[in-house]
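This is the structure, below, for whatever I ask next.
Order of writing sets the chain letters: A, B and C. Residues in each chain are counted from 1.
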Amino acid sequence: MLEARNLRKEFGELRATDDVSLKFGTTSGEMVFIVGPNGAGKTTLINLLTGLLEPDQGSVVVHEETGDGTTVEREITDVDPERRVNEGLVRSFQIVHVFEEMTVRENVRVAVLSRYDKLLNVRSRDDQHDEVEATVDDLLAQFRLEDSQHEVAETLPHGDRKLLDVAMSFGLDPEYLLLDEPTSGVATREKEYVIETIVEASEARGVTTVTIEHDMDLVKSYADRLVVLVEGRVFREGDPTLLDTDDELRRVLLGVTE
Amino acid sequence: MSRLSPLEQREGETVVRVPLTRGLTLTIGQTVLALVGVLVLLGLPFLAGLVGLSWGRLFRGLLFGLAAVGLNLLLRHTELVSFGHAAFFGGGAYAVAVLAAHLEVSEGLLLLLAAVIVGTLLAAFIGYFVAGYVDIYFALLTLAFNAVIFATVFRSGFFNYNDGLAVRVGGDNPTLFGLGWTDLGYDLVLYYTTIVLMLVMLLLMWRLIHSPFGRALDAIGQDRTRARFIGIPVERYVWYSFTISGLYGAFAGGVYALQRLHVQPEPTLYVFVSGEILFMAILGGFTTLVGPLIGGVLLVYLLEATRFTFNYYHAPIGIILLAIVFFMPNGIMGSLPDILAGLRRRLSDPGRLGEDLRSIQSMVRRSLTRATTTVRILVFGVK
Amino acid sequence: MYPVIDSFAVHTLNGLWYGFILFMIASGLTIIFGVLGILNLAHGELYALGAFVVFSVVGYATGFVASPDDPVSAVIFGVVVLIAALVAAAILLPVGAFIEAVFVRPIYERDEVYQLLLTYALLLIFIDVMKFGWGTSPLDAGTYGGLNQIPTTEVVGVSYPSYNIIAMIVGVAVFAWLVWFFDQSKTGRIIRATAINRDMATAIGVSTDRTFTLVFAMGAFFAGFGGAMVSIGPQTAFLEMGLDPLVLSFVVIVVGGLGSLKGAFVGALLVGVISRWAIWLYPAVELAAPFAVMLLILLVKPEGLFGTWGEIE
């Protein structure tokens, strides 16, 4: 379980996140969606959890199950972003971040090499590790990227780039996957396909996902749990049906986002 | 049987396995080119004179080129522009000179080892500070470190100021492999030792850039943020590659000192030497492994040869660099496939040549019009 | 007057003088970088070109006035020389515009390594152009002796060459004009807007082409002016004179903050004074001292003393 404890981050006068305490992955493989108007601090929260930003206050904690059924907690607030990947904490960005000059396959391969801790290897070719190649094949199949696997990433259509981005994240064998608007910029008819693919992949692996999403229909269809942020604070937390039943929530969200 | 034969089938093509590289292969055509290259290198002391070229100059070109191969690890893969690689070249050269002049070490290979150690440590030291920076900041930081080292050497009696140090002990050449040699013998033994080591270094570099580590460096160069978030310790890896790239320069500088037998600050340590090493890589083709080596030979030869032949020796090189920027951004080796394809097309269809001329003409005309318009506006105002 | 304090003042003044010259080069370098995003390696050669051009102009101009042997003719002489420097710098305006339009404009979108390569190529070509125009031996405009017959100024109790004082005043004037230009004038504000957002500037009808040409030409103008002030003064014009100031100007703009005009001003004076103090106190570190300062700044405060002003990524 991944926990945010009283996280606070200020940019000058602006309090981007204010005393945010949340738990993700209370049940294994949970899908949490974060919604809220623009400037509510959604991305900042992900940045704090993954270490791109340091909080002014509060901490980030992982709870790990030991063999005998008890859990131990470990604070990772001061751990570098690249080391948090080892804690199973993986993220994507709102803008596609892939290695533009590599092929699709090479992109996924780098991530998988990192997962198997083989990046410092200089004694072999990068494409001669059997377990790595097998994992890469699986991922390419799951994200339906086999046909374009030898194409250079920058030439892919936008939707496929988004999928590649997510496929790389899954290549890291995440325990918690934090996705910042995985459907942004994707044509409306493809949004469902992108989310569907992500859901399938995370269910197959028991990954806890935390997704920022603006499309309320998608949220209602796929969320196990909903977190609403407004002005840096947790405004609501609970079942996605709140979107239909909570009038105040509807006013806040619809008033600003639609 | 198949383990012994260097030939192998891969994706329907016959390829040649290269020794020392574990699984790296060349096509038949590439193998032939590589073998010709090696033969030329081996025959250079004898061939150079036949075609009227100076062997010593070519040798020095190869050395600067090797430094450029090292620099290219940063330029091509982590996409960092270092303006301070002369620090490691000069550091290696001065390590040799100081040991010979002050401590009377006379064995050349020992001096070379010292050069590699000193230059690499220097690179590790500087790399530690610069690894977190990118773009112009990285370029200027490396430049600053280089300039401080140059200024210190240039102004210090220990390094004998601008006159530099001789690499001789009691007036004799250093020994090589424990033996004293005649002047010619010394040059030949030094050359062949260097060539062997250089080929090994090229193979190792080739292996490095195709290894998972090389791929991680590519990742860092193409998207630093993403690289961090797939778990690559970016700064540490940049530091490693910076150190490795300095090692190549240090080795080259050490050999340079042994070849010239005299080390001065300006030809080895000056900031503009750093610039030249950088431009060698681009001139030769920084998208290829051996491009920087060829760029090094070419640029050093041009710089040295024109200096003694023409009064105006800067401008021709400037014009070559301009041509590289505008017409051959991938450098000589990188553009080779395009050039060959273009030539082939023109051989089969000579009419294209007229087209080429016309397009060059119109390009020149366009830029001149643009220039005169701009100048007119500046001098006489918009009206 | 105690000799130590005496020489402290002289070396500080020398440092300020050198700093003002550096500022004239660095201001152009920093503006060009801030607006165009190009680090112009050929900038030192524009400075050198100014130094050579003024030599030709001065020889012509001083023919009109008698040699300065009394205060009045000395003042006239000084004014003529100053105008000569301005004329020399003005010649660099079209030179800068030509370079921007023909060579630099096509490569704004390219990798910075090509931009460096291009301006380095221009640097090499400039050296030969100057060699062709003025030969290889250093040139001395020969007016310095005449200028120094203007009564020496008593500054803080130290007799100090008047010419250097004039150069400093000119330097302050240039700085003041640049600040006014970019803060107050319409053109200056358009340039700044362009620096911050090219697309936006284009959208409101600004011709970025013309803005960039103007900026490059301005940079060339001030570099040339700096060179002219130097070679009329105590120093000669020589072919390699552009290299050291170029490299020191890097130091200046990094110390001040890439793209910051005020930063360049403070940085230039700082670097000038530090290098002159080093000459005085411990000559061995004269060359190294400015770079050591730059290293320190980059490692501690990479954005420089004054942060940034234009568009920098």
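In this section, a contact is a pair of C-beta atoms (placed from the backbone, for glycine too) under 8 Å apart; a residue touches a chain by one contact, two chains touch by 3 or more.
Quick caveat: nothing in here was measured; it's all calculated off a predicted structure.
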Q.
Looking at contacts between chains, which pair has the highest count of C-beta pairs?
A. B-C
Q: Quick one: point me to the chain whose Cα centre is farthest from that of subunit A.
A: C
(Q) Can you tell me which chain is nearest the middle of the complex, judged by mean CA position? (A) B
Q.
Taking the mean of the CA coordinates per chain, how far is subunit A from subunit C in Å?
A. 51
Q | Cα-centroid distance, subunit B relative to subunit C, in whole angstrom | A | 33
Q. Roughly how far is subunit A from subunit B, going centre to centre by Cα mean, in whole Å?
A. 43
Q) Which part of subunit B faces subunit A closely enough to touch in the complex? A) 22-24, 207-208, 210-216, 218-219, 222-223, 225-226, 228-234, 237
Q: Under the touch definition given earlier, write down the residues of subunit C that touch subunit B in their complex.
A: 33, 39, 41, 93-94, 97-98, 100-103, 105-107, 110, 112-114, 116-118, 120-125, 127-129, 131-132, 210, 213-214, 217, 243, 247, 250-251, 254, 258, 283-288, 291-292, 294-295, 298-299, 302, 313
Q: Quick one: which bits of subunit A touch subunit B in the complex? Just the residue numbers, please.
A: 50, 80-83, 85-86, 90-91, 93, 97-102, 106, 109-111, 113-115, 118-126, 128-129, 168, 171-172
Q: Would you pull the subunit B residues touching subunit C in the complex into a rising list?
A: 75, 81, 129, 133, 135-137, 139-141, 143-145, 147-148, 150-152, 154-156, 271-272, 275, 278-279, 282, 311-315, 317-322, 324-326, 329, 367-368, 370-371, 373-375, 377-379
